[in-house]
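Input: structures, listed below.
The same subunit A turns up in both complexes below, where it pairs with subunit B and then with subunit C.
Let's turn to the complex of A and B:
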């Protein structure tokens, strides 16, 4: 090892472990793609994973996909399990996420690059640049993947990074590991509740314990389906009409039918577009109304007062939600019912066309299974470092319920839940972990370099990124 | 209106200095105060107006301290911890201040400036790259030392590679352990391979045991335990003493404790509290009991109180007590004097102790000596006691022989048993030694030779003792025989003719008896035999001594 002489101009590197090489962190998920430079605290580029297809041309980004245009089909390149299905589009989507905000043009002297000028035609420039050269020739790329990603997919991602984008170096990290890093833990039990999947994974010293991987579909999209079945069964029925169909509305009393003027489109708006827009309304509903019964006990179980928890909730004030068409209503116990299925399979509302929720899919059971599949000596440490991440975990009362369930399950152990208080930190947990990892000076020895890729082929990712 | 006018109005004495002051003002103009009328300024006279902010100062300072902006540059670097050194990444670094090379220090600066250009600097983080070292072995070593019924060489190698890859993180090694036996080859082993059962499910304890055994064995082969330093030795011991069954039991126990129900946990907690309380109480009870015993054991008054029942008796008692008191007082006065000589020796003692300790320290520095151990026992708090392991490791041995007399030269010790004997004995011993061709003064008295020599001398002693005994017995025998002969002679006149035959027969039987006695207790006549047996007796020690000498 060469002895190092630290020049006076250098910063004391052993105090601050960072060494930033303008690496780019790409964290694709089912609902959104997060991309940004390593060392920053939030991703600069946040792009909806859904993309629109019109006339055989794909459009990306929230600016493009929310226009009610004829024949704008909305699709998602990710599968229901959060892994890539449509590689061609996924590549374009990621490239859009990176080039639209991070590397749209080559870095040059700030006096002449026009960055400080008020220019309107950057978009045009960008496209011109894109065609000419590869997008990421100067940036190492750190990509995330799910713990159940397939070998083929992993190899595919390094091929894209190296061949299409020309990255000098690449690394593929598990998003749960990064979420643990983002919470400052190397050993943790990561409970990741995303859009398409919920996973519970034990991590020891920055490595996934493969036997402990647990996943289930009880996540954000499932919660939306619960809401849909709730809306279809309530009396009166709730019509879910997205914003783009409303021309104007007049305020009405709670529970009264909506009085709105609807917008008519001559051209045929595809169903998938409507589903996307409905999802936005449901997201709003989830954020503001849905709550998890915090415990103790289940929502349906009896409490010490002799009544059930449902009776208790009914006595509490509800929450009002106004739909885009002006119809509004007080939501009482139902706002807790929809999320109860995550914890108690019997409380899940039946969704047409979907298999019923099994016990093993509920979050407490997944934690139990995950903890049960690791070495005895680790269990106590894992229960003291439970990292909760993912956007759906922001549902009100989630962490409290998780804590209550786990203390009931492991009465002898000390349970400590680490859940970021900031919304952004919870949503971008794995990206933030990647940002930390990618900016560490000690990480630069890990990168798979271009030469290694050329020497060993795409399979090198399987050997190196464990 | 000037200050002069104001002064006039307020009846203040008009100072003659007002004129020169004005001149001074002109000479050193006051800071320009904007926004204030000249008249108002003049009102203040010599004193400047306090409310005026000194804005200009800030501006000046800011411009004065302005330096050219620090220059940063995108410098490439590589990381020597990588297996391939082609990856060159770039990071922003402060530009070294040597770019505008001053003319004065040209030569020196250029050297520094030119050097880093061609070779790319190494990452400062490369030094943190640490890998575990795992044992490596050759086929030969494996076959001779590391064979195991349960593990094939292939699987052992797989395990060791996994250990290296995951840096001894056992939970991960256990998690990722997926050993697939190599596909059977075409030759005769194929049948064996085909029958082979699917890979066993290895518990973490199995893996640990195997790895530790291999590692410890290889460690011992590479470096004998005696030569290891303490850390290495401890590691070796720990690895050798790994007990998988105990570990598995511990885990089972921990798991049981982990799966306690709430009630059990609460019960255990309450039991622990109870235990604590009982312990505290028993301690209190013990102290109380001890106090009580102390009271009970106080010397009981055995005297007869009958004498003091009368008033006369009481009077006597009072007088007695008074005299006792007086004598006590005197004693106490005496006591203070008496103490001083007592303190004397104790004071003298302390330096003596000091000396001894210092000398012992010196001894320990000069070399290993048994006395240090003895002294160490005297004040155990000052010297750390070596544990058994450490003693084995450092090669410490205890010498009981030095316990009483202190150190002595070995040759002295060797010659001591010889010198302590009487001159006659010495002569005898030396003659035996001469016969064995061993010099009385050993040529190379090493510890082993000394021990052998000791043993030899002891056996010589035994030999001499037994010879003495034999002599004595032979003497007694001769006496008895002469008595018998005397008796026979007395009886001869009675049985004149028969005596010859009987005498001849007696002589025969005597010879027979002698032969028998020779073997049991060597007589003077059987000297040669005895000598031979003596040499046989000492031959073992003799050989060993000779071997040592060489």
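Let's turn to the complex of A and C:
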């Protein structure tokens, strides 16, 4: 066994192997932060973007923020458009995402932890164990951003990476481009349906076509607001009571009022905490009940049989959802109605306090506008490479409907939709693209090194990362 | 490379408090051969680490060196030499002052100390050079931790192969199940891991829970009685400390809220689990079971039951049957005095019964006696040793035996003399107690009466937080169709779950709060896959216009007999999704009832390991199973471990490519 020749065989033999640099990919979004090492297939660290504040202290991560006893105020450092608003907290949140699962925790005081002593029995210097004060000193960082990120924000990103975390190298990539890479395409039309924003962006040879950027708020959070509208208008009205308020529930007949024993809390629970917990119920509802009318045609339009699609859906069996308080009922056509607004602005339920959905915000119109803004010669290639990504695109029937809508919109064109079958691949599409990019040997020359940053300042990111 | 052999494999399973280790796999897997407290001490030189507290003391000679040499000989170079001065260094194996605990809530907080600790284990067990290492990782360890440990183990232990395996995964190996939700109630935290297809799907942690939180909670509650941490720890481990399921009223308080354990819930559990060989979780009924254990159930001479119960209440024996026999005998002899005597007797008995609580299970008694044992010589600097094994073996038994002597009431004296049996028993108790005292000369006992506090160890929302984390963890399993599988294979392990009633209470909460019952609206309709559009002959599939109101509610709408459902749907598997699932294997279409859980079940432990009685430390059993599989059976074909050659070529980060961590 060649076990004794450590010194030479420890040297990385293959520069293009990629794994040796152990780059970290950080993909922050409105609902979650994904972080992990380049070259892996799923992010090791998946952290809720929401964080809790109590007594001036912030807590991060799902393990900490769901405790009703802590009296947490729930906030989110991201704006409704998916770009960073609160940089201080965002930095902490990302740092938590990285240190909790990827790199080590900070070591104790170097004077007392015995690391700096020339210990006689630790003859081989344990590199990396003696972590300095900075989180990422030995990991290049590849961060994602939205296509509409501001220059100021981009510069801020590199500053944090270089100054606060001590990264040796940095790169900033568009998440839509990475999603295309994740699907194995350099040219693609990326339909990204996330939590806060839905975007449709044309990408050619790994570059965003700026004019083609289309975004709208008709995404996961909007779907939740549709559900809330639905619950408040159905008869009988559905009370959305999250789990933490329930002590125990009793099975009741469908449609019957709930019979549950409720829990009472002495401390005052902020409204934002309740909203977060309600969102968990809504997420379950979206996963198990909501469905997109797959087409052909719209939900409200007539079908060849002479009736409308609504009548057809009504004839189909519905789905039952049991709420945390035990109330349950069958959801028939309504489960499709809530998602119909994404495709047909007239079908959207009015949400109090929000402007009505416009035609330009619907997904088919966004695709039309995006395609229409690019060169004629490119359109065919884009339509053949449509990449669907983002967690909300997992709503049942989404890709079928998209396909039907686009076939109707571009008759004769060849339309091919690429949507990952695995849930994880769809949710982490842009992270996976980053993982692929970060592990490519050819990418290593692209990194913005610390030296470059020191020489040119934060503005280097504008010049290099297009 | 020659194949690995069973007797060479080194298994280390670190925990925040106790680390399990073993060299070699026995023929039939056993609980861990070695248990190390997971702690290190700074050596007097302030740089290296020692497994025991070392103090320097003037003028003492060779004798002390002898005590420590087991470890001295093994540990590396530097430390032995420093002791040659006139200042003698003495090890105190039981002292835990200034101890460094390298793991806190599962995380590695002090890496150098942890390395020294691993080295200590390695030296103690002194394996051969051809020893592959199986290290069980805590879920909280980061990727970087894995790399550092890999590097350390390969470079220091010169091991030919290493496998780092997640502890939850190891537990699922012990049970031999593909899908599981492992709830590991540890010392400072509770880890929840959902496993589907032998892969970790999602994780959650409840910080500041686990066994230590319960101890601290007890200490806090009993502060007024001057409880120390050690006392609280012993109380937690004693059988009188119990976690009551929600809905069970505290003894002495009036029944405020009725237990919602209606038959419908049970039937609904059954309805979805109507396949063969499934066991319906009995958790909701547990309160009812305990009520059944009334006074009449115990016969007169039922020593065992009484001893188990921890109390001997002679008064109630008098009340139940003995009086009658006794009086009958008397009547024959002294008929003339019987009437008067009987009257008095009965009155006495009634009074006694009223004064003393009935012979009740622990959960019904407002107060119970707690026997605290502590070191008799508190002036010796050492405190009570961390109860690793000793307490667990001796304490519960001793308490169970000795308890009856305390409670023999004065009123019972008459009954005792009449039967004579009780007297004998009392003597036996005394004898046993003497034996115990002789065996443990340095321990003294104190009896403390504990009130309702002993039921509140897991109060303060600990159980709620754990239940919520289980729910959240399973709900973040990506594959929706696998979530029910995870619910059906709950494993509650970890030594913190040993607290009496803990598992039952947790299951009751889960059942009460999260179980989705089959809706009356879906019973015969919505379970249909949507591709079956034409109504079938039974008419049950005829579309129904008004979904929300049930037009023909069956008599027990929400509790359709599971057998009936199975019988009526057995001809058409499409009607019954549970049947369908069993036929199609995993290829269930994403049809209607995707909400989970429709049933919650715990896994019954495997019965083919005769050495294993308790499965709280099943992680170690699983690690042996995995070690056998990976090192001996598989021999690295499916990349179960990282070999030295691979490590040399690719460095520590290669650990992520192999093994059973993610």
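Keep in mind that, in the parts below, the second predicted complex is superposed on the first by the 416 of 466 C-alpha atoms of A that agree within 3 Å, B and C clash if a C-alpha of one lies under 4 Å from a C-alpha of the other, contacts with A are read in each partner's own complex, and residues count from 1 in each chain.
We adopt the following convention: a contact is a pair of C-beta atoms (placed from the backbone, for glycine too) under 8 Å apart; a residue touches a chain by one contact, two chains touch by 3 or more.
Here the structure is a predicted model, which means the values were calculated and not measured.
Chemist: Could you tell me if A:64 is touching subunit B, subunit C, both of them or neither one (first, second, both, neither)?
Modeler: Touch partner of A:64: subunit C, not subunit B.
Chemist: Tell me which of subunit B and subunit C touches more residues of subunit A.
Modeler: Comparing touch counts on subunit A for subunit B and subunit C gives C.
Chemist: Going by the contact rule set out at the top, does A:22 touch subunit B (first), subunit C (second), both, or neither?
Modeler: A:22: touches subunit B and subunit C.
Chemist: So, does A:353 touch the first partner subunit B, the second partner subunit C, both, or neither?
Modeler: Neither partner.
Chemist: Would you please give the residues of subunit A that touch subunit B in one complex and also touch subunit C in the other complex?
Modeler: Residues 1-2, 6, 9-10, 13, 19-20, 22 of subunit A touch both subunit B and subunit C.
Chemist: Provide the residue numbers of subunit A that touch subunit C in the complex, in ascending order.
Modeler: 1-3, 5-6, 9-10, 12-13, 19-20, 22, 37, 40, 44, 62-64, 66-69, 99-105, 107-108, 113-115, 117, 119-122, 124, 126, 128-129, 243-244, 246-255, 261, 280, 283-284, 287-289, 314-322, 324, 326, 328-332, 396, 422-424, 427
Chemist: Which subunit A residues qualify as touching subunit B in the complex?
Modeler: So the residues of subunit A in touch with subunit B come to 1-2, 4, 6-7, 9-10, 13-14, 17, 19-22, 138, 140, 168-169, 204-205, 207, 209-212, 374-380, 408, 410-413, 440-442, 444-445, 447, 449-452, 455, 466.
Chemist: Provide the residue numbers of subunit B that touch subunit A in the complex, in ascending order.
Modeler: For subunit B paired with subunit A, touching residues are 79-84, 86-97, 122-129, 165-166, 169-172, 174-176, 204, 251, 254-255, 257-262, 264-265.
Chemist: Provide the residue numbers of subunit C that touch subunit A in the complex, in ascending order.
Modeler: Per the touch definition, subunit C meets subunit A at residues 1, 42, 46-49, 75-78, 107-113, 115, 119, 142-145, 147-148, 151-152, 155-156, 158, 160, 204-207, 246-247, 257, 260, 262, 264-265, 268, 460-461, 464-465, 468-469, 471-472, 475, 478-480, 512-514, 516-517, 519-522, 525-526, 528, 530, 533, 541, 543, 545, 547-550, 553, 557-559, 590, 592-595, 644-645, 648-651, 653, 656, 662.
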